[in-house]
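Below is one structure, written out as structure tokens, with a few remarks after it.
The letters A, B, C and D name the chains in turn, as written, and every chain counts its residues from 1.
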Amino acid sequence: MAYIDGYRLAESRVLDLAQPLRRGMPQPANHPPFRLVLDRRHGDYVRPDGSSDASEIVITGGHVGTHVDALGHVAQDGVLHGGIAAADAQGGQGLSAHGIEAFRPYVGRAVVLDVPRLYGVDVLPPGYEITAHDLSRAEALAGSDVRPGQAVLIATGWSRVWDQYDVFTGMRDGVPGPGPDAAHWLASRGVRIVGGETLVFERIAPGLGPAPLPVHRILLVEAGIHIVETMRLDELLDAGVGECLLMLAPLPIVGATGAPVRPLALIPE
Amino acid sequence: MAYIDGYRLAESRVLDLAQPLRRGMPQPANHPPFRLVLDRRHGDYVRPDGSSDASEIVITGGHVGTHVDALGHVAQDGVLHGGIAAADAQGGQGLSAHGIEAFRPYVGRAVVLDVPRLYGVDVLPPGYEITAHDLSRAEALAGSDVRPGQAVLIATGWSRVWDQYDVFTGMRDGVPGPGPDAAHWLASRGVRIVGGETLVFERIAPGLGPAPLPVHRILLVEAGIHIVETMRLDELLDAGVGECLLMLAPLPIVGATGAPVRPLALIPE
Amino acid sequence: MAYIDGYRLAESRVLDLAQPLRRGMPQPANHPPFRLVLDRRHGDYVRPDGSSDASEIVITGGHVGTHVDALGHVAQDGVLHGGIAAADAQGGQGLSAHGIEAFRPYVGRAVVLDVPRLYGVDVLPPGYEITAHDLSRAEALAGSDVRPGQAVLIATGWSRVWDQYDVFTGMRDGVPGPGPDAAHWLASRGVRIVGGETLVFERIAPGLGPAPLPVHRILLVEAGIHIVETMRLDELLDAGVGECLLMLAPLPIVGATGAPVRPLALIPE
Amino acid sequence: MAYIDGYRLAESRVLDLAQPLRRGMPQPANHPPFRLVLDRRHGDYVRPDGSSDASEIVITGGHVGTHVDALGHVAQDGVLHGGIAAADAQGGQGLSAHGIEAFRPYVGRAVVLDVPRLYGVDVLPPGYEITAHDLSRAEALAGSDVRPGQAVLIATGWSRVWDQYDVFTGMRDGVPGPGPDAAHWLASRGVRIVGGETLVFERIAPGLGPAPLPVHRILLVEAGIHIVETMRLDELLDAGVGECLLMLAPLPIVGATGAPVRPLALIPE
């Protein structure tokens, strides 16, 4: 009576783990600003039968809003995961290797590591560096073990400050996130997917600047682990569950270095 | 009453029901042509630690690729579903009512109505009009009944010709799809979601022209039923199942008249 | 021996009155951020004969960089210049009346009103309001009279601070510009075109906010005078001329509310 | 030696040499389709004083509509004009060498070579290859000699068929244009700028295909001569002048491989 590690869907609640996409929302600098513009409005053209339609143009990026990083998003010394030369794998059609279309949609278990709860807070302080020790303790707290090939969601509580633009983007005070040893811990556990709530799955020190991205290098390049960023985990954290059923199907944009996604979680009602 | 009407996920297979997004793919004329452009390539900027990243800009539309129509996509005589005046519900931020963000992600049962199989073919002829009678017979063939509040996928086999641009777009010979009485049948069954494989969920006669969209009017405006277009159903049809577990979570673009989606189906292994 | 009021082109110097267009340059908030992205780079595709080409995609707005405002850019109480109802003149193809294509390219005389020089400065203080009295005195200083149907360039010296993003955009301290009585003075002189150096041809008070744009209303709606914004006048001001030959040919974007332009000035060598 | 080789501007007529920019106009395949979308319409937001404004987003390319090719647009064997390695001169900000910003606006003489008139026609046949001999004869016909450092406009009459989409784009029957020996003739005369009416300043044979662009290579890479494409020369040809005063100031898009332009011609009244 297995059906995905014991979840009974009919008795489940579906949680939406994506942030809404709209102009002016927090997003990483340098990436194209999200913009929806109505291209045709009702009334611009009305058919003889009285019907009309409205439609839009959308401009965005692969790393804007809730999204999955393709393995080819980051290179180290010009080399992508698995030893592929980046220069050979990029072109006018995007990436020819390790693009997001190589990510097989995931429907499976995700462990929820609630780091803020370890410290009795809802939101980690800006600039806080999550350690491997934190992750171990959070795993124990979850009562659910992180398993190879599966997903792990690492809470900072940051989606609770989504509506505070300056805080969320951390331009002044920084952003909490994993440090290199946390990344090594994740790699050692053999997970396939890690997710977080911040714009960038890194610890960003106050004042940031052109920071290196060690966690991206360790996860994407060295370990071949996909990263999900800007997830909305607040409801999942409020529910106090140690694991959920995660559905993660990013848009299949051929050659993209990342793609928007609307992840869902199923938890017991 | 267990786990989504009897599906056992651990013994299931996940099918991807989205078409890949790439420049030059079939899409409705008038909507913004899909375009991925690498904005930053590996090597454009290399950090002192030797790491680099690549990222893109994406230009698309809400009705490009596999997508869900918001109820506000179509109006009749200037009025949206539920009697809302279209003129009052549209503006510089998109739709203020019946935008795609009003669509709650769906995780539930979908009945598969395999109309081509009724006629012993894999693909319906271009311009074929699916009737209510076809749908009734296909429901019987599915051995699974269409229920209120649920989803129904109506096959034309058209995703099998995705790679034949001229055929798929039907510029010359038309496209198979439901006629008005099929739409009324769907509305009478009280479904929440209908999905199809073609660019537009309508029968398009050869030579088309500025055709009316009666099925859109009946489903979106009159009945408040969401439409999923350009789905890739070929694998689902090959599997020969009469129903599946459908996961449908379009991008939550606030105010959009439609949004891209990567639907997944779970079927028994 | 007329040739444009006495200018001898062979003995002239051509000045470029446009600011360079690049990502991150100062531009009005709310308008689409300028972005150039190389779509194809050399090497992405090499023809059998060894040749390759590179090309780009450009995303911008009609009021981004040096540009001309179409008369239809602003409405008062829903009415455009000449009594046209704005609602009837806008649609999915842009403006059907008073779009920028209605602006006939201008090759003619422009008087230079050097307001900073009146006060013995190079740059007016942020938030300074230029008055009608300032314009009269600057006209006398120019030694060249403003004539009906011609152009007038009103200096603030602001293009000298183009490279100081925070100063130029004036988010904190404001921006110098004409007040309503200066606008009435311009209208009373019957000019066809007025140009300025700032993002918006208005006085912006410190702390701005959702300010009204009285000068736009007076010039565009009431008087039918086109406005050129974000001009680079520093070289022209350095030359100390009271007039020049202006060539002003905005891109002929049909239906646009404004369009980029690269104005040139000819002055004596 | 007065006023640009004898032109008297006050007694002159200004001709617009640009094609209008609008959605669906003829443009080279592969380049981003031109699109103007009203981002804000009158009424979307009305200020307390009753004023409103409308503005747009524009998506285009550097080689869309009437435009100037930067020298860096084409490379031969990976090398740009002057021996610069293309790989070193391109990046996330576009071209760092031979971008369009390196083109100094031109205000000067242009000789008009009316090739159709040589043959007693208004429009050259599709696929016709203009030869060096044609150019020599057309120069004699113009009664005006092509000089080093100046501009030459080479008519095909093609702007007369702008409104015939299939003809203008030449998908089936080809497009008239210069062959390699005409390009060598132009290079030998030391001109700075050559302009033409077609989408691509080349002879395109019927059925085209992935053609080489020999004229681009000779002019841009070998000779360092800028090319202006998709000019509207019909009025200039109707005027029957052998030369004009040309004003050519492409948008100063830093790093672009080409940029839109609205050229003007002055001819005697």
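We take it that contacts are C-beta pairs under 8 Å (C-beta built on N, C-alpha and C of every residue); 3 or more make two chains touch, one makes a residue touch a chain.
Which protein is which chain? UniProt says A, B, C, D = Cyclase family protein.
Computed from a predicted model, the values in this text were never measured in an experiment.
Using only Cα atoms to place each chain's centre, name the chain farthest from chain A.
D
Check C-D against B-D and say which one is joined by more contacting C-beta pairs.
Of C-D and B-D, it is C-D that has more C-beta pairs in contact.
Need the CA-centroid distance for the pair chain C / chain D, whole Å please.
For chain C versus chain D, the centre distance works out to 25 Å.
Would you mind pulling out the distance in Å between where the CA atoms of chain B average out and where those of chain D do?
So the centroids are 43 Å from each other.
Two or more other chains touching the same residue: where does that happen in chain D?
Those would be 32, 35, 38-41, 43, 57, 59, 92.
What pattern do the touching chains form: line, ring, star, complete or other?
Complete.
Touching chain D in the complex: which residues of chain C?
Its residues touching chain D are 1-5, 7-11, 14, 16, 18-23, 30-32, 36, 38-43, 46-63, 65, 72-78, 80, 86-87, 90-95, 101, 105, 107, 210, 212-214, 216-217, 221, 245, 247, 249-258, 260-264, 266.
What residues on chain D touch chain B, complex-wise?
32-33, 35, 39-41, 43-45, 59, 91-92
If we count contacts the way the header does, which residues on chain B are in touch with chain C in the complex?
It comes out as residues 35, 37-39, 41, 57, 59.
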